[in-house]
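Below are two complexes that have chain A in common, paired first with chain B and then with chain C.
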Partner chain A sequence: MSEPLLHCSKLSVSFRTDNGSLRAVDGIDLSIAPGEALGLVGESGCGKSTAAMAILGLLPRSAQCQADAIRLGDTDLAQASNRVLRSVRGRRVGVVFQDPMTSLNPYLTVGKQIGEPLRIHLGLNASQAKERSLALMRDVGIPDAATRINRHPHEFSGGQRQRLLIAMALACDPELLIADEPTTALDVTVQAQILDLLRREQQRRNMALLLVSHDLGVIAHTCHRVAVMYAGRIVETANTKPLFANPQHPYTRGLLAAIPRLDGDRGTELTTIPGLPPRLSDGWQHCAFAPRCPHAEGRCRIDIPNMRQHSDEHHHRCILDLPAGDAP
Partner chain B sequence: MGRYLLKRLIQAPIVLFLIVTCSFVLVRLAPGGPFDAERKVPPEVEAALNEQYHLDESIPMQYGRFLLDLAQGDLGPAIKYPGRSVNAIIADRLPPTLLLGGYALALAVLIGVTVGVIGARLYNTVFDHASMVFALLGISIPMFVVGPLLLLAFQTQWRLVSPPGEYGPSFAYLSLAALCLAAPFAARIARLCRAGMLEVVNQDFARTARAKGVPEWRIVTVHCLRGALTPVVSFLGPAVASVLTGSLVVESIFLLKGLGWEFVFSAINRDYTLVIGTVIVYSSLLIIANLIVDLCYGLLDPRVRYD
Partner chain C sequence: MSEPLLQVDDLVVSFTGARRGWFGPRSELRAVDGVSFSVAPGEVLGLVGESGCGKSTTARAICRLVAPHSGRVRFAGTDLLTLTGSALRTARRGLQMVFQDPFASLDPRYTCRRIIAEPLEGFGLASGEQARQRVDQLMQQVGLDPSMADRYPHEFSGGQRQRIGIARALAAEPQVLLCDEPVSALDVSVQAQIINLLLELRRELGLAMVFIAHDLAVVRHVADRIAVMYAGRIVEQAPADTLFANPRHPYTEALLAAIPIPDPTAPAIISQISGEPPSPHQAWAGHCAFAPRCPHATEACHSGAPELITEADGRIHRCPPRQA
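On to the complex of A and B.
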């Protein structure tokens, strides 16, 4: 892999709660090459969104974030001052959020909101920013952009609002786009359009993409490489094709098996992973997936497994050697 | 919007008419009359006075006469001020009251919003806690305690202000009075604005702004302030009414001869015409203030629809 654009090492986030500290992200390493699309996947509460937000320091105040380094090019975001972080946000890294209904400011016109990063980071004046905003709105497929640039967010549909958020994130031509569950709040037909838009813009701008999703279909459709998270740790990472063809970690196998298939026999029960995701406050001393794992053995409950290399760019965190192509 | 404004402008005189009619009847039903005094006026003098001011007629007759005069903009003679009309007294007394009330409201909004916003930004710090303690004091301590204390400190003790002289109150003295009137409102506004701001800055769109690299002060002023002001605006409607009644107290403490002063004494003196005149002025001010507040919602939040 070429020199990574973004490299996080040992990124941890914990939240202070009334019942003590809660470790949502536990020492994960992440690398994204320039122009690469990385999918971060896992079930609700596994820490994937928290990890993505931690990169830009966008966590709520109750969160404490530690990392050996969060390198973006030659800037270390983990050590950076607020001023440096601000100059990176929206300029070098754009963010698209999950809920387009609440993520746009209801009090400002969409033109003002899209133009804002242009004015702040690139120093454009009002009319230049408006011109660029208009072009961006057209790029992301807002019909009749010229008249609607002065409208407020409530006058747009959910899908259009997500397009506007994407336009805003792309405004300064960032090197990296972080998309946090960008399609979760949208209905299925709109989801596909938004994914196509993200993929098209990613390729056109040769921009790196960190796509956070719980939906393996979304990831398969969009990403070159996948990292699977479980209980705050990355349990498997590989290029998309090998991961889907030959998953190594039993959790990844469980996730893949749980995707309902249209070509299966009618009436067969949907496959699920038994049990619940672990409570994060528990502080695991052994494999966090062991309690739900159909293959778990005694030695799984002794130590936390390290990352193992399966093939060139395929790593996983399971001490067992599962036979290829085995069902979960 | 235009339709809404038209509707409200048609409603306003109807509301005013009802208020005036009620007060007209009530003030005449109240025991006593304008010529009752410790020393009884001779009956023939009282009869003559009653005849002069048409108080010997039946109430419906008086009401009809009053409406005819009102239609021509004439509020009649002030019964207890021989030779002066109610119109002249209002023209004389209204400006100081408007000045005091407007000054106090402006101070209350300015201080309240500033303290509230800073308190929310410095949430859980010494400033935040201290300002909220002061706010609680401001709400709890009545004006008739704050006013004399202010005068004691600034006028008697430190001699920083002097009482109103021949040419009316000085600016410093007026500021002191306005501060006294503004204190409880500034306190309420600070609390409302702080709570509103705390709610808004934790919303998703504030995070979006942060993710765009917008500086924190700009997130507060450009992105969040309008949302945080909505509860403040809701409070301002009733606050205008309270400022008007509060100004009665403050005018008395600070010896500012405004309309509040006249309003209280006209009611005590049963100066029927002057009571009605001041009621008309106060009600109009209130109706206008509430209309402005309702229109402000639309200016603050583009999602508000008037229909």
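On to the complex of A and C.
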């Protein structure tokens, strides 16, 4: 792999709560090459969004973030001042949030909002910014952009608002786009349009993409590489095809088996992962999946398993040697 | 086909909106616009469509949680829409709902036992010690530990709460379950558990279901027959396998092509249609509601309202034959 664009090492995030400290992200390593699309997948509460937001320092005050390094090119975001972070957010790293309804400012016209990063980061004047905003709105497929640039967010539908957010995130030609569940709030036909748009812009701009999603289908169609998270840790990472064809970690296998398939037998019992997703705690002292794992042995409950290499770029965090191709 | 258990004919539900001006007429929003279908005993009908297409409103209108504007709902031989008061309550005991949001659909001040016992006592099916035993039995049936019966909803996880909602529905000994997006608020690993539970209950109790969901893979797995809704109307209805193998309505086609399959070697998802589902404020009296987004739309689609066409393979749809 070429020199990574983004490299996080040992990123941890804890939240202080009334019931003590909760560790949402527990020492994850992530790297993304320039132009690469990485999918971060897991169930709710596994820490995927928290990890993505920690990269840009967009965490609430109750969060404590620790990392050996969060390197974006030659900048270390973990050590960076707020001033430096502000110059990175929206300029070198764009963000698309999940909820298109609450991520836009209802008081400002969409043209103003798309133009804002252009004026702040690139120093364009109002008319230059407007011209660029218009081009961006056309790029992301807003019909009749010339008149609608002066409209307010409530005059746009959900899918169009998501397109506007993408336009805003792309405004300064970022090297990396972080998209946090960008299609979860959308209907399936609109989701297909937005995924098309994301994929197209990612390729056209040769931009790196960190796509956070709970939907393995969305990840399979958008990403080159996948990292699966469980209870704040990455349990498996591989290129997309080998991960889906030959998952190694029992959690990944369980997750893939639990999804009803369009070509599966109807009405048959689905394979399930027994038990419930884990509650957050102050960090697990052993494999967090062991309580639900059908293969768990005594040694799974002693130590935190290290990342192991399965093949070239396929790593997983399970000490057991599971037979290949076996169901979960 | 045997005598249908639940038959819905030309159901229309409309809501009135804001007045136009101070004294102007109120605007009318047609959420459900002439929906007809039937469910045989023990059959599962899937109802799919995108948000705002009227699928949840259809279910709510069937058990009169919202008042339908017109139409007929025959359940086990009686027309539910003509009944009132206690006659209605008795008649719809056999028709129970499972709601989408396991957080909002359980009373936070009731214990799990009281939630499940309420229909038992309300319908006079059991009381006292008998009700206690029945609650324990129902909890076991849905995979909950009866020793947790005295806890409150917030002490349960989302999947467990959905099980409580199912147990509450089963307590009334229904013949039909109306499941309104019962798994869409749940994580994948828990979703599979609830789907398995519903399938198992269906096998054991011979329950018929109207299963509403927006996830087509889930619906395909559970339903025998699927009805696809768009803008308040059913645009296509067919046995599940037929629908997936060979969709006839262009909207169904587009919907199927847009499903992201969790397999990177599968053909890429395609967004066949542009635009977004229409707002229900629009009235479609004159023509096909899908025509503005339809890649095959002709002049005729924008003028005449499409008739229902019944085909030999049991498929019913609303799209005139296409010229190749």
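Operating definition for what follows: the second predicted complex is superposed on the first by the 327 of 328 C-alpha atoms of A that agree within 3 Å, B and C clash if a C-alpha of one lies under 4 Å from a C-alpha of the other, contacts with A are read in each partner's own complex, and residues count from 1 in each chain.
Note that in this section contacts are C-beta pairs under 8 Å (C-beta built on N, C-alpha and C of every residue); 3 or more make two chains touch, one makes a residue touch a chain.
Just so it is clear, the model here is predicted, and its values are computed rather than measured.
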{"item": "Clash or fit, chain B versus chain C on superposed chain A", "value": "fit"}
{"item": "Contacts of A:95 with chain B and chain C, given as first, second, both or neither", "value": "first"}
{"item": "Contacts of A:266 with chain B and chain C, given as first, second, both or neither", "value": "second"}
{"item": "Partner chain in contact with A:233 - chain B first, chain C second, else both or neither", "value": "neither"}
{"item": "First (chain B), second (chain C), both or neither touched by A:316", "value": "neither"}
{"item": "Partner chain(s) touched by A:106 [first = chain B, second = chain C, both, neither]", "value": "first"}
{"item": "Dominant toucher of chain A (residue count), chain B or chain C", "value": "C"}
{"item": "Partner chain in contact with A:120 - chain B first, chain C second, else both or neither", "value": "first"}
{"item": "After the two structures are overlaid on chain A, angle v-u-w for chain B, chain A, chain C in degrees (C-alpha centres, nearest 10)", "value": "80"}
{"item": "Touching partner for A:58 - first (chain B), second (chain C), both, neither", "value": "first"}
{"item": "Which superposed partner A:132 touches (first chain B, second chain C, both, neither)", "value": "neither"}
{"item": "After fitting on chain A: smallest Cα gap, chain B-chain C, Å", "value": "5"}
{"item": "Complex interface listing, chain C residues touching chain A", "value": "50-51, 157, 159-160, 187-193, 195-196, 199-200, 214, 216-218, 220-222, 240-241, 244, 254-255, 257-266, 268-274, 276-277"}
{"item": "Residues of chain A that touch chain B when the two form their complex", "value": "56, 58, 60, 86-91, 94-95, 97, 99, 102-108, 116-117, 120-121, 152, 154, 165, 168-169"}
{"item": "Of all residues in chain A, those that touch chain C in their complex", "value": "43-44, 157-160, 187-193, 195-196, 214-221, 240-241, 244-245, 254-256, 258-262, 264, 266-273, 276-277"}
{"item": "Chain B residues within the chain A interface of the complex", "value": "202-205, 207-215, 222-223, 226-227, 300-303"}
